[in-house]
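Below: a set of structures, written as structure tokens.
Next, two complexes with chain A in common: one pairs it with chain B, the other with chain C.
Up next is the complex of A and B:
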């Protein structure tokens, strides 16, 4: 019992250290880039799991926020020649507006209806990215987006980009953890449990929904800005329904009421796409099959999780914990 | 001076008048019961008093202030809390956390403070935790504090919901069928709980089908039938009121104390009334 408790407190630090020193061990640039993408996805999923896993609000349009952030950052740095950090902040601000827009239907719609509304929002934005050519560059998108820079230091090496992304993931996790473990987090989970009960308990239902939507959108938008900086170009083919569904899959497989679970799911599902890079000896045909059936694998994983571990990866972890507690009580 | 003044409250659903020109007063320090056959409009009346339904007419004065037109949250903040016929607990939260949520009615350090884990936000959290512990002790269910609500037995769920309502710091507590689904022992414990709540300075209004419990605990009873108030008075008077007996108890023999010591129990076996609770 004591050792598992010690591990519980130590685990975040151990994992943080492993994540931090990874670039010192892994020298392959492509592999580092894969891990950087995993960080970008993890960031989106951290925000999404606040919205879905805590507040119980489904979003099938989260790729749109990533897109909004990516385009905002690209526009500010390429067209307006702003410094990277300003573009990053602008990405957050513009996606906050997007989150506010999407929060409005959430006040009236629940469950499937909300899912469809967010899906519509995502499709609308995906279309806008293609059509609003003067701002977004149309189907060609933006190229030549400068590397992220902090003051005079341009982060152009694979390892520095990795550290930037995962550093921001760390900050976002800390903020998300604080929010979820204090009053707002209880309000979100209350909302998830029973909206009537939440109202009767004096929870500011409207405020909680709007803030959670905005917060989740901002985090996704910042992830988009990072994506634009890491890749160097943005095109509308990236921010599609398929990406939104992937994010949702990560959040579902990761589990509700957990941040660690979705984080792990985001990393694992991202790595799945780059299986061949991770395991060098793997036959070409196998890695191709994995690529081709990626979405089927996601779907299968979701089905398995829903049937065998309805609380997701995070729930498996907690169940062991709770089991221990019951033993003590008896 | 009455704590709650209900005046001419009317609520219609299409052609159906669910609550028809109902007026009554609730005085501080008392327990008042609202009874009536299924579909009499009790739950709907509760909803109109607590901001979950907007009445089509009438006025609800609480401590002299108008509640009609206020949202549920503002009614709670004004000092009028409620529970539900179908308990509305947050299943993923523990019993203690459920009660902590009730403190949110008066807390508001904000998202930003919590995001940054500022001292104000953590102090608020501590305060809520201590208050939740105190209330669970008051209700007598402190041993359940860490159990997820989903795993609680029905009787405890009711009590946790009462504790959560108390956490909002109400002067008036509205309980919608608190004894539904409870066994005899739990029912007796509920009576003691209600006395403790009243003695803690909270006035109570209950909607209840269990006549034995109603006759035991209430100082005054309002009887509704098809949306209208047909009688009001102390339990002894209500039991003898021919209008009530005709409309509701359906004959004099139900008044006699049965061997189980629960007079008029027959009423509680009726199915729960569906409308109004959602």
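Up next is the complex of A and C:
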């Protein structure tokens, strides 16, 4: 039992070290880029799982926030020639504003209005990215977005971009873990259990939900800014409903009340998209079929997880933990 | 004057479609307290299946009826396979399952019927009617007629039959309905079948004017839901009024301001109603409000 407890405390550090030294082991630039994308997705999903797993709300518009962040960063750096870090901050600020506009009306109400409001918002933003040509560059989008830079240091190598993205994932995880295990997290969990009960115990139900949603929107916006810096261009074809559903799938499959589960799901489902790069010998037809049926797989996975394992990957993990605990008690 | 009339005609045409989709949301919401994200896909299936049956050689009326029946069956099957296994009936879990179901239905349609836009002949051929300088396409008249008939059938079903009373009892209070012998889970399955059928009716009747493609579901879902919220979610009369009103608003915005903003109207209406009057324009005390 002691060894398993030690392992539980040590695991985050071991995983952090593995993630940190990965670029030293993996030298293939494309592969490293895939892992960087996994980090960007993981960032979005960390925010989303705070919303879903802790506050019990669904968003179908997070790709729009990623898009808002990406376009804000692109506009600030390319058109206004701001330094990268200011563009990054602007991306977060603009997403916060968008999140607030959506959250306040739809979260004041009981029920799941936010889900549809975000769906509509996502469609609306997807349209705006295409139509608002003076700001977004229309269908062609933005090209020539500069690499992220901190002061005079420009991060242009694959491994430095990887470290930047995963470093920010680490910071986001710390913040998310703090919020979820301290007072705001207890409030969120109380909310998930019984909204009425939480309210009776003095939890500002609406406030907690709104703050959680805005926080997840900001995280998604920052992920968008990172995405723009890593890829170097943004186009409206990326920030679609299907991307939002993919993020939601990662959060649902990852599970409620856990951060490790969603993180794992985000990485695994991202790698699934680049299956052929990870396993070089794979037949072309197989990887094509995987690509073609990717959304089907996600959708089916969501349905199966909700029916058979409503607490997701994170839940499976903990159930085993609890089983161990009971053995000890006997 | 004739210009305004033309806009109003267009608005009432789209409004009827939104009303049917909104009714679908309302029926499922009443039975489960959940938002059915697959509702827009039922609209898409109605059109796509109808065109597919028609292209296989079925006469148009038969193809339309078959498409509605098939979509209703798919709705019932979806409920049996994915919603019923959720034992606690938690609305959040039902919502997520319907999100998965929506994607799955869209993707399966893509795999089986392909990515192309598909046209359909009008239900009856002939020139448009002229009324005070405005033109009314024959298919528009069909849309109005089909909507009126659907709403009337639904009203009779809900008000006059034992089945309808059981549906309403389930909507008012599940456990109480179960206590008096209503088969509640059958009612939930029926609500999905009816919602799917309503969506399919809208999908097949509008396709001759707009064509259809596998991806039209999500956009229509948002508009139908906005209409349902505008009228007060859970209220069938409100759903119809909300649909018509949304259609008129869109037509006026597109006509007098700029057609680019047409698709934004539903979203703005949705947020405004949630902000100002969450119980909808017809709602009384706002039961769902905090």
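Heads up, the rule we're going with is that the second predicted complex is superposed on the first by the 321 of 330 C-alpha atoms of A that agree within 3 Å, B and C clash if a C-alpha of one lies under 4 Å from a C-alpha of the other, contacts with A are read in each partner's own complex, and residues count from 1 in each chain.
Here is the rule we use: a residue touches a chain if its C-beta (ideal position, glycine included) is under 8 Å from a C-beta of that chain, and two chains touch if they have at least 3 such contacts.
Because the structure is predicted, anything quoted here is derived from the model rather than measured.
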Practice item. Assess the superposed three-chain arrangement around chain A: do chain B and chain C clash, or do they fit? Key: fit
Point to revise | Once both complexes are placed on the shared chain, angle at chain A toward chain B and chain C, C-alpha, multiple of 10 degrees | key: 70
Review point. After lining up the shared chain so the two structures overlap, which partner does A:290 touch, if you call chain B first and chain C second: first, second, both or neither?
Key: neither
Check your understanding: Thinking of the overlay built on chain A, is A:298 touched by chain B (first), by chain C (second), by both, or by neither?
Key -> second
Check your understanding: Which holds for A:252: it touches chain B only (first), chain C only (second), both, or neither?
Key -> second
Check your understanding: Is A:215 touching the first partner chain B, the second partner chain C, both, or neither of them?
Key -> first
Practice item. Report for A:272: first if it touches chain B alone, second if chain C alone, otherwise both or neither. Key: neither
Practice item. Using the touch criterion from the header, give the chain among chain B and chain C with more contacted residues in chain A. Key: C
Exercise for review: Check whether A:113 is in contact with chain B, with chain C, with both or with neither, and answer first, second, both or neither.
Suggested key: second
Check your understanding: After superposition on the shared chain, which partner residues are touched by A:205: those of chain B (first), chain C (second), both, or neither?
Key -> both
Review point. Quick one: smallest Cα-Cα gap between chain B and chain C in the superposed arrangement, Å?
Key: 8
Exercise for review: Could you give the residue numbers on chain A that contact chain B in one complex and chain C in the other?
Suggested key: 205
Study note, to complete from the structure: So, in the complex, the side of chain B touching chain A is made of residues 50, 52, 71-73, 76-77, 81-84, 88-93, 97-98, 100-102, 104-109, 111, 114-117, 121-122, 124-125, 128, 146, 148-149, 161, 164-165, 167-168, 278
Check your understanding: So in the complex, which bits of chain A are touching chain C?
Key -> 56, 58, 60, 101-102, 104-106, 108-113, 115-117, 119-121, 123-124, 127, 131, 205-206, 241-242, 245, 248-249, 252, 292-293, 295-296, 298-303, 306-307, 310
Exercise for review: Please name which positions on chain C make contact with chain A in the complex.
Suggested key: 33-35, 37, 82, 85-86, 91-93, 95-97, 99-104, 107-108, 111, 218-219, 221-222, 225-226, 229, 260, 263-264, 266-267, 270-272, 274-275, 278, 288-290
Revision key, fill the gap. Interface with chain B, chain A side, in the complex: residues 175, 178-179, 182-187, 189-190, 192-194, 196-205, 211, 215, 256-257, 322, 325
